[in-house]
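Note that chain A is present in both complexes that follow, paired respectively with chain B and with chain C.
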Partner chain A sequence: MNTLRYLWLAGSLLPLFAWAAGSGSSGGYVHIPAGTLVSALKFEDVNGAVRIDAFQMMRRPVTNAEFAAFVGTRPAWQRGHVKPVFAGPDYLGHWATPTQVGTAVQGAQPVTRVSWFAATAYCEAQGGRLPLWLEWEYVAASDRLRRDARDDPAWRERILAWYAQPSSKVLPPAGSGEANRYGLRDLHGLVWEWTEDYSALLVTADNRNQGDAETNRFCGAGALSINDRDNYAVLMRVAMLSSLEGSNTTMNLGFRCVKGAR
Partner chain B sequence: MKLLLMFLMVLATHATSAGAAPDAPLPGNSVYQSPARLMDSKSRQFAWATKRGQVQIVSMFYTSCKFVCPMLIEGGKVIDQQLTAEERAHLGVTLISLDPKRDTPAALARTARERNVDSPRWTLARPEPQDVRSIAGLLGVRYRALADGEFNHTTVLVLLDPEGRIVARTESIGGVPDALFLAAVKRTLANAARADAKPRSG
Partner chain C sequence: MQRLLPSMLLGTLLVVAGCDRTNPTATATVAPAKVTAAATGGSKAGDLGPPQGEPIKAVLTSPPFVPPPTNRTAPAKVIVELEVIEKEMPISEGVSYTFWTFGGTVPGSFIRIRQGDTVEFHLKNAPDSKMPHNIDLHGVTGPGGGAASSFTAPGHASQFTFKALNAGLYVYHCATAPVGMHIANGMYGLILVEPPQGLAKVDREYYVMQGDFYTTGKYREKGLQPFNMEKAIDERPTYVLFNGSEGALTGDKALTAKTGESVRLYVGNGGPNLVSSFHVIGEIFDKVWYEGGTHFQENVQTTLIPAGGAAMMEFNLEVPGSYVIVDHSIFRAFNKGALAILKADGPENKAIYSGKEVDETYLGDRAAPNLASVAAAAKSAKAGALTVDEQIKAGRDLFAGTCSVCHQATGLGLPGVFPPLAKSDYFAKDPLRMVDAVLRGISGPVTVNGQAFNSVMPPMSQLTDDETANISTYVLNSWGNPGGRVTKEQVAKRRAQAPGPVVAQH
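Right, the complex of A and B next:
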C-alpha cells in the first residue's frame, strides 16, 4: 500500500518536472504500434477486441501558436472569414485578432474553440487526419508504464479528478502533462479532443446511461451501448462527442492529428 | 437617372433569379460551400454546389441497405405525392451515398429503377470516399460503418432552399408525411417561385 502511495505521489509530481523541462514545446509525431483494444463501448457488430493498426500520433494537442501559423496562410480559416457552415460564431473567439493569439491567450496552450472542419483542414495540411475514436481510446488507455491501465482504480480516479475541476481554470501549456507509455501527453487532463468519426458515436440522448438504443433514429441495427460502465472518463468523452455538430466549437475542445493506417 | 435605374434593375434580376445567379455570393451558411464532387447513376461527375438554384430534399443512404434506406426513399416519394405537379416540377431530391466504394453508378442506377425514382428530378450519387464524413457533417447526419458492411446512420430528410441553406429536417419518415416538414417544403417552393417570378414580371 505504501509503495503504491509513493508511486502515486511520484506520478502526480511528474507533470511538474516535465513542465519545468520545457517539454511543452516539443510537438511532432510518436509511432504507435499495432495492437488490440477492448473498447469501453459496446458495438453491436463487434465482439471482443478490435485490432488497431500502427499509426503515428502527435505527442500533444495542437497549440494556439501552431494553429495561428496555419490560419495565417489560409484566410478561409480565419475568424471572420470562415463560413458559418464550417465553424460556429465562437470560433477562435478568445484570440486577440483573427490571426494573432494575443497576450491574454498563450501560444503554448492547446488551441480550443476549433470546429471539426477546421481541425480536419489543419491535419490535412499536415498530410494527416484526425484520429478515429478507437485509435484515441487505444492510446488513452495507457498510463506512464502500461499500455492498458484501465483496470487500475487509482488511474481511473486520477483521470476523474480532472473532470471535477472547474473548466474556467487557465489551461496549462500543451505537452506539460505526464507522458504515457507511448510518449503521448495530455490525452487526459487538459482538453477534450475531436475525432475524425465523432459523428459515428451514435449515442442518442436516451442511450447515454442506458443500454437500449433508440432504434427509430438510426438506420440498421441499434446504436452502441456501454461495455464498461465504470469507465466514466471514456463515457463522458463519448457523451460529449456524440452531442456535437461539425461546426461546433467549445472552450475546452481541441485536437491532435495522426498519420498512417486507417 | 434612367441609366442608373436600368442598372439597378439588372442588378435586381441577377440577385433574385436564384437559378441563374452563379456569380452572386453564396451565403456562408450554405452547404454548397462544400467543394465536394459527386458522381451520379449515369457516371456524370458534378460539384454538389451545382444543385444550387433549386429547392432540394437531401439525404444520405446506401444501396445495399435492406430496411430503413428503402423507407427513406419512400419517405421522399411520399413528400413528392403531397405536392402539386407544379410544385413537384421545382423540387429536386438528392440522395448521397455513405458507401461510395460499393455504390457504383450501376448500383445507384439499379436502386433508382427498383425504387421507381428513375427521374431527372431525383439524383442518386456517390461522393469521393474522403468527403463522406464532411458532407454528413454539413447535413447533421451521423453514421458508422458496421463490420458486416452495413451502416448505422441517421435517418433524416433535409430540406435545402435554392441557396443550399437548411430550412427544415425530419427524422420521422414513415407512411404519413411529417406535416411540419411538408409545410416547410411547400413554403420554400413558394418562396423560390416568387423570387424566380419577380425579375420576369418586373
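Right, the complex of A and C next:
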C-alpha cells in the first residue's frame, strides 16, 4: 500500500491533501458547487428543477487496492466472513484471497463485485456516504466543458458506446478517463456505480400509474416514469440499479463516495 | 339486432337447403361454417388439467434448428433454462457487434412445448453481463408475459411458472428498459406451443428470424460497430438480417433439403421496427399459418410478418437448386443483408422446370438479313453441299449476335477481361478446344497469347451443332488465325463427351 500511496503523491497534490487530512486516499475529493438539475426522472413530488446543495465527490471510483486496504483491517467485510445478507456469494470473487487482490486483478482497476452494504460501510469509514441519485445525475450531466451537456447528441452517443463494448474486456485503471467540468473522471464508460437511494428509484417514481410497486420493475412502467425519453443513458442506469438488491454484486458495478450536504 | 336476426336465420336455412341437394358447389358454401365449428376454443379450452408424470427438461436448439416434436398426449411440467449472454459476434464480413442474446445466439434458442403444459421458466443472466434483462413471452397468459417476474440482475437467476393455454408460434423478447435497444441488440426468439394433437410430420423443419440492426458506421463498415440510438428511433436500419448476421444462412451455412421433401419454416420477426414481407424466390408456400395462429392459407407467394409476430409455412421441393429467402421489401435483401438460401439437392425435373432452354440474342428487325446466311448454310448442310464459304458467312452473322459482345467484332476481346480470338494460341493447334469452350464454357484462369485471364464464360450449349461448327469455322478463317474447318459431326462428338465447364487450362 505504501508504494501505491507514494505513486499518487508524485502524481498529484490532491491525494496528498486527502491523505494528509486522514480521510483515506481514493484519489481525493472534488468540490461540487451547488446548482439546479432538471432530472431525467419524473418524481412525484418535484416539478421542474431540483436544488442540489454543494458537496464533495471522489474524483474517480474506488479501486481494488483501496478496497483491499479497507477490508484488511475489517474482517467483517472480508470475503468468507461477511454475512450473506450483506453481500452475495460472488462478493470480491475475483480477488486472489479475501484480503489480497492478487496478480490476475490490478490494484488500480475500479473495485467491482461489491454490495451496496459494503460500499456504504467503506464510505462511512471515510467519513462520507454514497451519493444520492440526484447528486450523481447532477455531476454526470457534465462533459469536459459544460456542466450540463445532456442535450448534445454527441454526449449521448459517447455514453451509449460503452454498452457496445463487451464486458469481457479488461477494465482500465480508475481515473484514466477524461475529466469533466468538475474534474470528475469515469462517471461514464467504466463501471456502474451504486447510489445511496438506488432502491427507491423506480418505486417512488410513478405510483400513480402502477398500483403495485413491483410492476415498476420492468420496461413499460420504467419508461412511463422518465421525463426525458431520449435519455437512454440515464434510463439504462436506472434500469440497472433497480434490478439490484443491496447484497447483490456484479462484475461491472463499483462505487465512489461523497461528503458534505445531503 | 332484431332486424338482423331473421335475415341471418334465412341465410342459414339457405345453406342447409343447399346441402340437401348434394351438389359440389353447395358443399363449398358450407365450408366456412365448418371452420367456425372447428374453432379451438382458445385459452378457455387450453387448460388440459394438471401436469402428468415427471417434469421434463425442454430441449432447446440454436437457430436454424428446431427441437423435435414433443410427441406427448398429456400435459406435462416442462423446465426451460435460458441464459442471457452479452457477446461480441460478427454481424457482417469484418464487422462485429456486441449482441445481447438468449442462449448465445441471435435469434435465441427455440423452445418447443405442448398446449396445456406447465412451464417452469428459469432465466439466468451471465455474471459478466453489463445489463439486467428479463423475458416477455408472447405465449404467456399474464401481465407482462413474464417480464415483471423475470427481471434479473447480472449474475442472477429468476424463476416463474406459466401454463401454456394457447397453441401457436410466439415471439419472446427482452422487455427491460430501454426495450427498443434490448430488442435491437438481438434479444428475441421463438416459442412453439404445439396443439394437443401435434403438428403434421414433415421432412425438414427450420428456424429463421428477421431483425433490423442500427450501427453507427455505414453498412459493412469494418470493425466493432456500436448501436446507434438515433437511427433506431428514426427507423433507419443499417442492416436487416435473417438470424443475426449477414451470411448466417448462405454458403456453407445455407439451409438444406432434398427434392421430394416437405419443409416447414418457423419464421419470426423480432423487429424492433420493421415489418417483413417474407418470400422464398422460386417457391410457393403450400400452406401459411399466418400470424403463427391455428388456421392456414394456401398457395401464398409472400406473407406479412409483423414485428413481434411469427408465421409457419410449408412447401414441397420439386425442383433442385438454390432458393433465395428474402424480405421482399427488396432493397433490404440486396442492400441491407436480408437474404438466406435454401439449397435443394436432387435430380432435375424438367417436366416441372426446364432450366434455361433458349438464350439467344434478340436483335429485333435487324435480325432478318442476318438470318438469311444462317438459313442458306442450314439448307446446304441438309443437301450435303455445305461449303467452307457458306459456313464462314453464317458463322460471321452468328458470331455478331452471340460472341461479339465479349470477344468484340474485331476478335481482339478486351485486355484482362475477355481473351482475344485473333491470332489466338489457345486453339491454334487444336481447333476443337474452341468447340469445347463454346459448348461447355470456361471458368477459372487461362492464358491466351501470354496474357492471363480469370473469369467465367457461360456454356453456349443453346447453339446447335451446325451453328457451333459455323462459328468455329468463321473464327478459324478470320483475324490471322490458321484457317481450316469444323464440321457439325465433330461438334456432335465433342458434345457427347463428358459435360461440364472447361476449367483452368494452361
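Here is the rule we go by: the second predicted complex is superposed on the first by the 214 of 262 C-alpha atoms of A that agree within 3 Å, B and C clash if a C-alpha of one lies under 4 Å from a C-alpha of the other, contacts with A are read in each partner's own complex, and residues count from 1 in each chain.
The working rule: a contact is a pair of C-beta atoms (placed from the backbone, for glycine too) under 8 Å apart; a residue touches a chain by one contact, two chains touch by 3 or more.
This structure is a prediction, so every number in the text was calculated from the model and none was measured.
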Touching A:M236, do we find chain B (first), chain C (second), both, or neither?
-> second
Touch check for A:R156: first (chain B), second (chain C), both, or neither?
-> second
Using the touch definition from the top, say if A:G246 reaches chain B (first), chain C (second), both or neither.
-> first
Does chain A have more residues touched by chain B or by chain C?
-> C
Name the contact category of A:F117: first (chain B only), second (chain C only), both, or neither.
-> first
Is A:D148 touching the first partner chain B, the second partner chain C, both, or neither of them?
-> neither
Touch check for A:E196: first (chain B), second (chain C), both, or neither?
-> first
State whether A:F86 touches chain B only (first), chain C only (second), both chains, or neither.
-> first
Chain A residues contacting chain B in one complex and chain C in the other 217-220, 222-223, 242, 245
Chain C - residues contacting chain A, complex | 86-88, 97-98, 127-132, 134, 143-144, 147-148, 151-156, 175-179, 181, 216, 224-230, 233
Sort out for me which residues of chain B touch chain A in the complex.
-> 28-31, 33-34, 61, 65, 67-69, 72, 133-134, 136-138, 140-148, 150-155, 171
Where on chain A is chain C touching in the complex?
-> 88, 90, 153, 156-157, 160-161, 163-168, 192, 214-215, 217-220, 222-223, 226, 230, 232, 235-236, 238-240, 242-245, 248-253
Within the complex, which stretch of chain A touches chain B?
-> 43-46, 83-86, 116-117, 120, 196-197, 199-202, 216-224, 242, 245-247
